[in-house]
Each structure stands twice: as C-alpha cells, then as structure tokens.
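One chain, subunit A, appears in both complexes that follow, with subunit B as partner in the first and subunit C in the second.
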Partner chain A sequence: MNTFIQVMVNGLGKGAVYALLALGFVIIFKASGVLNFAHGSFVLLGGYVAVRTQDDLGFTVSAILGVATAGLGALFIERVLVARRPLADPIALALLTIGVDVILTEEIIRRLGVELPFLGRPYDGKPIQVGDITFFRTQLIALAVGAVLVTLFFLAFRLTGWGVAMRAQAENREAAALMGIRRGRVTAAAWVIGGVLAGVAVLFLATQDFSGSGLSRGTHAIALVAFPAAIIGGLDSTEGAIVGGAIVGLTEALSAQYISFEFSKVAVYVVMLTVLIVRPSGLFGTRERTRV
Partner chain B sequence: MLLQVSDLTVRYGRTIQGLADVDVDVPPGSVTAVLGANGAGKSTLLRAISNTLPLHRGKVTSGSITLEGRDLAKLDPAEIVMAGVVQVPEGRQVFTTMSVEENLRAGGLIVAKEKREPARDRVFELFPRLAERRTQRAGLLSGGEQQMLAMGRALMSSPRLLLLDEPSLGLAPKMITLIGEIIREINAAGTAVLLVEQNAAMALKVAEDVVVLEVGRLALKGRAADVKDSPELAALYLGGHGDSQDDTLSESAEGTDAEPATPVARRTLSKWQG
Partner chain C sequence: MRQSLKVPALVIAGALVLAACGGGDDEADSGGADASGVKTGPGISDDSITLGVMTDLTGPFKDFSTTLQAGHKMWVDEVNAKGGVCARQIQLESRDHGYKAETATIQFPDLEPNVAGFMELLGSPMIAALKTDINDKQVTTMAVSWSSELLDQPYVIIVGTTYDLEIINGLDYLLEKGDLKKGDTIGHIYIDGEYGANGLAGSKYFAEKNGLKVSEAKVTSTDTDMKSLVTKFKSDKVTAIALTTSPAQTASAATNNVGLGLNVPMIGNSPVFAPALLDTPAAPALSKLYVVASAVPFDSSVPKAKEVATKFIAENPDVKPSFTVQYGYAQGLIWGQILQKACDAKDLSRAGINAALKSSNNITTDKLVSDLDFSKPGSPSSRTVYIGQVDKDSPGGLKQVQALKEFPDAKTYKAPHES
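Here is the complex of A and B:
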C-alpha cells in the first residue's frame, strides 16, 4: 500500500509537469490553430539559459531568466513565422514548427556538447521520508507549482478580458474579429504563455528525481510526451490537457512500478491509442460535426 | 452621409467577382436595406465594409468605403469596430460554448470598463429574454434567442452603424416580426442600420432606403416606399414567386420613383460568391 501511495504521488507530480507542457501546447493550438511541434525546443531553450546562468545568478534568478527566455522565444517564432501568414494552411505552419524545432534543438545540443547539466538544485535529490514512504521533493514541488499555475490560468481564462477574447477567438475567428478582438494580440499572448509553461516544466524535467538525466536531447524527448497528453485530453480542451497530463504521469509511474520501466514509455502511447479508438476527439475534445 | 460605398468592386481569388461597381449610401440615423437573392453579393458587401474579406480570400480591387469621409479600407476589423461600425454576421455566429453574459462581454471588450455595465443593462432592457438566460450557454438558446444575443453583443460597443446580415434567416414568422420591431427600436435610439436581407417583406417594412443587388451588381436603388411597389423589384429579385413576397410587392408600380440601375445581364448564380 505504501508503495502504491508513493507511486501515485510521484506519478501525479510527473503528471503536473506533463500537464503544464500539454496546456501550453493546447493554448497555442486554440488561439492560433497551429500544432506547435517546436514545443520541445522551447523547453530546451528555457533550460539552456537557466543552466548557463545558474552558477553566476543563483537558481531563482536563472530560473526566471530561463522561463522568460522560453516565453520570448515562443513570441519571436509567433511574430516572425506565424503572424505574417494568417491565411496559411495549418499543416504548412505545423511543418514550419518542425523546422524550428530541429534548428533550435540541434543548436542547443551542439552548445551543450558532452555536458548534461542538472537543474533544480534547491530540491533535486533531496527526498522526504514520511514513515515508510519516500516522496521525491521535485515531484511534490512540481505538483504544487502545477496546481498554482493551472489555477491562475483558469481564473484568467474565465474572468479576464484576455480569457474571454481568447475563448471567443478559439471558437470563431471571424465573429471575434467583428467584435473588435485583435487576433494578433490574443495569439501572441497565447504563444508567450505556452513558452513560459515550457520554461517552467524544464525546471523539473532536467533533474535527477524526474528523469535521472540533466539537460540533453533526452529532455526534449520527455517533453514530447506533451503531445499524447494533449491528444488524450482533446487537442482543443484546456481542461483535457490537465487530465491528459495526469493520466500520462500516472500511466508512466504505475506501469514502471508494476510492469516494467521499459514498458512505461510504450504504455502512454497504448493509452493514447485506446482513447483515440473510443473517442477520436480525445476525452474532452470537441467532436467534429458535419451537416450532410 | 454616414457611410458611403462608391464603385466598389470585390474579387475572391483571381477570377471570381463578388461585387462590381456597387454604390450604397447610408444616411445618419437611417435604416437602409440591401436586398438580393443568394449569391447577389450582400454578405460580400458587409465583409468589405468590416474588412473581413481577407478571411475569405477576397479583396477590394477598386472603389472606396468611407465613414463620414474616413477611409475604412485602410483600417483593420478592430479599428472599424472602434470607429463605430459593428456587424452581426450571417447565421448569428454567437460563441456557443460561452454563456450569454460572456458573449456580451466579448462584444464590449473594446469599450472602456466603466461603460460595459451600462451597455449590458441597455441590452438586457432591449432583450429581456437574454437577461433571463444570462448564465445559459449560448449554444443552447433557440434560433431567435441567438439572433437577439448576436444583436445584443454587437450593441455592447454602442455602434453608430449596425450591419445586420440576414437577421431573419431560419426564424419563425412571429420571431421575424419581433426582430423587425427591435431593429426599429435600435434605430430610434440613434443607431443607423444597414440591413442585408432576402426577406423583402420584412426589410421593406423597416427600411427607409433600399438597394437591390443582383449577381454582384447594383440592380435597383430608391426609397423603400417607392421600391416596394416597383415592378422592377418583383422582376429582379422575387421573380414573381419568392417566398417572402408581400401583397404590397405585387401591386402596380405606376408613378413610383425607384431608379433601376444599369440593366444586368442574366448570369448563372453559381458563378458568384457572396
């Protein structure tokens, strides 16, 4: 029973990080209609700036710098490549983001060289013992940070003018434009938020507790789990992104514990395929309806 | 003149002509109706005024659109809304996943915060049904209620000119009458209205001036009182058996002042978008 509780808490902690990544991916998709395959490179960008500055500036300042850089990087991509092509085919824009991902990832990996620098100094590798149960501090803090950020996001999404504008634009771009809602501002803000969430996620991903590896190509690969998380929840559902992230985190943790570590990565995709077979639009996604 | 559309020509892509040399004037405080069958270019005209043609891969190739002398063609849709021209698009297009109140909020985002609540109260006064359904999801409203919401949402920014694209589409006769009365009330409060309609009977009851489009060209223009008795209208638009034909439309038109525009050669409607 103790093992089960430990696995569940650690799984939820991982799920919170996946949820942040999936939420960023979904927000960008909802606001601009672009499947952003460069999301993993935003993770690396934020992480790279944080590891390069943490010796001089300390963890907190370097973390803030990393998060801000990931947000600004996302904004740069949106302004330069997406905003100038408002009528571009979404598939063409998705392919464009793959190109961005390859360039950004390869350049950061080249700069890192053989280094695998870890992030999360204040909390990484310092487990908490409660009776017979061991909790990883990284996962607990990830869970708390994820809960706070998700709550803040949903409050803003429901209560602020930006949230109303974004929901309006996500549902009907032309009607939103006819209400005076500026598409450019809404999509730019969405890309910044997506980048910022990726920048926060890497502070937990590149740790001993989470992945056992420092910032590397492997971090990018782990970040790609955001895609199945978003697909499981439904690509156009922010609530779905949270649930999808939690499902992916728990699936990974439970299958690693009770089946095998190797199978845990495959299990996520087995769950995704199962969900797609039962509900092609994901658990919370909008069903496509066509009048004939 | 509040709105002046002069010699407007619109194309979709390289080959499809949506409008050709169309002139429409909207005097301040008036209701002007634009009539025409499917594909006549009515919605294209509104898209050109609101500058949303690029979303449909269309563009204005010649002519001008001015609001009290200010060139609207150089403004983006948001700036046009801020200038006081707001459109209620065809098919309502309310935000179905949002509540009635959130839809109204979306319509009032461009106005100062302190003006939003009084604007919402005015909308609820005009449409008490919306006040009753304020927390309900817009997608669950009836067609008539959605039309009220679309109009209320547009009124949140207190426009000087309201563009209405087929507000009667798909509504029951009783609801059409009610929508007509509400348009009169909105106009009486000082808002000019450019009403695009297929339902000539409803539009002619509400409007003072009428423009009839046929396959992208101006076919007839005049005072509503004159045009409704004009045989030109029946010939150009109703074809003598339109479903919105009113008794008054088929009466003799001798002595009327309606001006037929340059005769339009008959074309296949499917060649046109609008």
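Here is the complex of A and C:
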C-alpha cells in the first residue's frame, strides 16, 4: 500500500508541473488559435536567465527575472511574428513557432555549453519523510504554486474583463471583434501568461528532484510532454489541461512501477491515442458539431 | 603525320605521369621506411607520430573526457620533452563525437588516414559502430570502454578490468563487508547497449554464484530521472544497488536512494561518477556510492598517482580533478611502451604496432592501472580493481577504500570470448 501511495505522490508531483505547461499551451491556443510549438523554448529561456543570475542575485530574484523574461519573450514572439499576420493560416503560424523553437533552443544550448546548471536551491534535494512515504519538496512546492496560479487564472478567467473577452474571443472571434473586443490585447495577454507559466515550470523542471538533470536539452524534451497533456485534456479546455497534466504524471509513474520503466515512456502516448479515439476533441475539449 | 602522333604521345606522357603519381600514393599508403630502416605507416612521419582521439566533450561523459584529455596532454608533454618515441614527437589529433555514434561514423574516415592508432575512442556505442572500420583499416584503437564483449576485436585495446569484472569485484567487496548476503536482491540500473549489458552480466554472474537475485532496470542514455526505478527497488526490497549508468543517472539514483528512504550501499562501474556531481544537489546522497575501477582514484597514496595529481593541479588549477587524469596519463604510458616495442622491432606500420601490442604481456604503469597482459586474445588484460568511496573532501571526489585487489568471484569468471 505504501508503495502505491508513493507512486501516486510521485505521479501527482510531476503532474502538477505538466499541468502548468499544458495550461500555458492551452491558453495560447484558446486566445490566438495557434499551436505554440515554441513552448519548450520559453521554458529554456526562463531557465537560462534564472541560472545565469542566481549566483549574483539569489534564487528568488533570479526566479522572478526568469519568469518575467519567459513572459516577455512570449509577448515578443506574439507581437513580432503572430499579431502581424492576422489572416495567416493557423498551420503556417504553428510552423513558424517550430522555427522559433529551434533557433531559441539551439542558441540557449550553445550558450550553456557543457554546463548543466540546476535550479531550485532552496527546495531541491530536501525531501520530507512522513512515515514510509517521501514527499519531495520540489514537487510539494510545485503543487502549491501550481494550485495558486491555476486558481488565480480561473478567477481572472471568470471574473475579469480580460477573462470575459478571452472567452468571447475563443467562442467566436468575428462576433467578439464586432462587439468591440480588442483582439490584440487579449491574445498578447494570453501569450504573456503562457510564457510566465513556462517560466514558473522550469523552476521545478531543472531540479534533481524532478528530472535528475540541470537545465539542458532534456529540459526542453520534458516540456514537450505538455503536448500530450493538453491533447488528453482537450486543446481548448483550461480545466482539461490540469486534468491532462495529472493524467500524464500518474500514467508515467504507475506504468513504470507496475508494467515497466521502458513502457512508461510510451504509456502516455497510448493513453493519448485512446482518448483521441474515444473523444477526438479530448476529455474536456469542445466537440465540433457540423449541421448537414 | 607529325600532327597525328602528337596527341597519342601526349596521352602516353600524361598516363606515365599519372602512373608515377599513383605509384607514389600507393607506397605512402602501404608504408615505407625511414633512414634508420624503421618501417612506417599512416600517421608516422620522420619526426612525428600522430595518434587519434575520438572523445565526448559535449555529451553525457564530458566531465570524464575533459580530465582524460588533460592526462593525455601531460604524458605527451613529458614524453616529447624527453625526445619523444622512436626519435619522433607524439602528436594528438582530436574529434568530439558528443557520445553520438552517427557523429563518430562521419568523423572516423576523416581522421583515420592521418593516425598511426587511436589513443582514445570513447563509448561503447561508438566502438560498436566503428568495429568493422577499425578491423578493415587495421588501426590499433585504445577503447575507453571496458566491455569484455570487445575482447574478440584484434585491433581494440581495453586497458584494465572490464565492466563485468568491475561489478563482480564491487559486489564481492559488499559481500565481504557484510552489506550483502545470500537470498538478498540487488537492484541494477544499466544503460541500454554494450556498456550496460556487460555490467549486468557481472551482477548476474555474482548473483548466481552467491545465491542472490537481480532486479534489472534498463534505461537509455537520455533518461535522467531514476525516481520510479528506485521506488520499484524499494518495493523489491533490494539491499544494494549496482549502477552501469552515466554520471547524471548516478546522481538521480543516489538522491532517490536516500530521498525515498531506501538507503542501501551502491556500487558503480568506473564511468558512473564525475567529480562535478559533488556540486549538484545530489552531493550528500553520493557518499553511499563505491566506484569500482582498474584506475587509481585521483587522491590515492600510490606514489605515481600522487606525482601526476600534483602536476595536474599545478597545470590546471581551475579544472576539477578526477581519476581519469591518471587514467589518461596511463593510456599514454601504455601507448609509449607499445610504440617503443614496435620501434625496437623496426616496424611502426599499423601491422607492426598491432604485433607489438599482441606480444605485450606485462605492461606496467607504476600502478596507475593494474599490470596488463594483452597477449591472450579474448581475456581481459587485468582482473584487479581499486575501489573508491565518494567523498566530497577528497580531491577527485573519491577516497580509496580498497587497494588493487582481485576478489574471489572475479578469479573464476569467464569473459564472453575467453577460451
């Protein structure tokens, strides 16, 4: 029983970070209709700024700087490459983000050189033992931060003008524009939020507790697990992103324990395919209805 | 008539020139002889011997390789200052394959024609990918891999004790200490490929001989989080963990061994540890790790090890020391003895160098690595190991806890190609 609880704790801890990544991905998609394949490079951008400044400024200030840079980086991409092409095909914009991802990732990896710097000094490698169960502090903090950010986001989504505008825009862009909603502001804010969430996620990803590796190409690879999480939950569902993240984390942990470590790497994709077969728009995604 | 003869004459003259040029090339390829009658070959000029290095300076074993290169350089500088080998200066030509076999296969044809042999070819996947080329080109290659599966390769040199024997010796050490007993289960994390499979062969042999079980966990070189594997080990009630992994994987295994409350001793093959790990959050958990290697720990009291260590620190004050400094230096000493033997036989061609290797049954390195016997095809050149425990206060990160020793199960183990 203890093993099962430990596996669930491990899985949910990872799932919290996947959820943050998936949520950012979904918010950008919902607001701008763009599949942002550069999400992994936003993760690296935030992480790079944080690791380069943490020795001089301390972890907290460097973390804030990293998060802010990831948000501003996302805003820059949105303003320069996406917003100027309002009539572009979403597939073309998605391909554009792949280009951004390659350039940004390779440049950061080049700058890192042979280093694998870790983040999360205040909490990494300091587990808490409760009976026979281990809680990794990184994952506990990730869960707490994730819960706070997700709550804040949902409150903003439901209660603020921006939230209403975004929901309206996601529902029907043309009608929203006719109602006077400024599309540019809504999408710009969505990209900033997506970037910020990526910047927060890397503070937990590049740790011994989470990935066993410092900031590296591997961090970018882990960030890509957000895609299956978003697809499982439904690409246009913010609630789905949270559930999708948890499902991915738990699937990895449970399959590694009860089937095999090798299978755990594909288990997430098996789940994703199964969900897509049963519900093509994901667990919480909007179903497309076509009248004949 | 005169006009009609001109063209054929030019053609014949051209053909003769081409033939003459072609003849010259052939001679260079097959090797000539210098003024003193020493037969030469690729990589050998009148005043230099060029050895190739194919290493990993940007991949998972970059720390390991960086200090290995420093060891090579120290030997090269020393030997060249004394006049070189066979009155020739030693030169190294290096490539960084980043632990990618596909990169190594592109680099090899570019580098191979320029070298007499390879001072270093790092990584089991790279060696596996280049085995056929090495045989075809008959280029003696010092593998920085200790897989006994390679011992059937006539042109591959494995310096010291192989991975299987390292693990057997390490587990025997834990058995002698009382950390393992009959009926126990060993958890073994190993990288998919020849490196991992060879290490696993060692733990399986040990388990069979001593009545233990092995809980196997295969990973790929890009996996870095070992949490789920250690969680599984805990539920399997393992009493020791064996590692045939990269340093990053070692760090994660160690962190989770302590973090998840398993707290069992760990043994690992020589490549599992890099001193840079002591700067990571894994540092406190690594003290449970014993590294088993045929090379001396950096901080050993063996006199030659101390001499090399002192010189390394003086020359590289900013580089973190590691046992691979002495190992790299020892590789040089071994190459020096093989080349000198080939020189004495007046044959520095590739065939001559390989013949010198095959007739070497007692190569010594002042105990930087154990004494080596390359004269028995299929057999490991050594079966003895040093064991170092990770210790953050020791330069190089390892405190020697066991001097060179061949443990009982290592004596009886038969390597895959051993007759």
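As a convention for this text, the second predicted complex is superposed on the first by the 292 of 292 C-alpha atoms of A that agree within 3 Å, B and C clash if a C-alpha of one lies under 4 Å from a C-alpha of the other, contacts with A are read in each partner's own complex, and residues count from 1 in each chain.
By our rule, a residue touches a chain if its C-beta (ideal position, glycine included) is under 8 Å from a C-beta of that chain, and two chains touch if they have at least 3 such contacts.
Because the structure is a prediction, the values reported are computed rather than measured.
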Overlay on subunit A: subunit C relative to subunit B, clash or fit: fit
Which superposed partner A:A175 touches (first subunit B, second subunit C, both, neither): first
Contacts of A:G161 with subunit B and subunit C, given as first, second, both or neither: first
Touching partner for A:D55 - first (subunit B), second (subunit C), both, neither: neither
Subunit A: partner with more touched residues, subunit B or subunit C: C
Angle, in degrees and to the nearest 10, that opens at subunit A between the C-alpha centres of subunit B and subunit C: 150
Touching partner for A:L87 - first (subunit B), second (subunit C), both, neither: first
Partner chain in contact with A:E106 - subunit B first, subunit C second, else both or neither: neither
Distance of closest approach, subunit C and subunit B, by C-alpha atoms in Å: 41
Subunit C-contacting residues of subunit A that also contact subunit B: none
Subunit C partner contacts - residues on subunit A that touch it in the complex: 3, 6-7, 10, 113-114, 116, 118, 120-121, 124-125, 127, 129, 132, 134, 136, 207-214, 218, 221, 252-253, 256-257, 261-262, 264
In the complex with subunit A, residue positions of subunit B that touch it: 50, 52, 54-55, 57, 76-78, 81-82, 86-87, 89, 93-98, 102, 105-107, 109-110, 153-154, 157
In the complex, subunit A residues that touch subunit B: 86-87, 161, 164-165, 167-168, 171-182
In the complex, subunit C residues that touch subunit A: 57-58, 62-63, 66, 217-219, 222-229, 231-232, 234-235, 248-249, 251-252, 255, 259-261, 280-282, 284-285
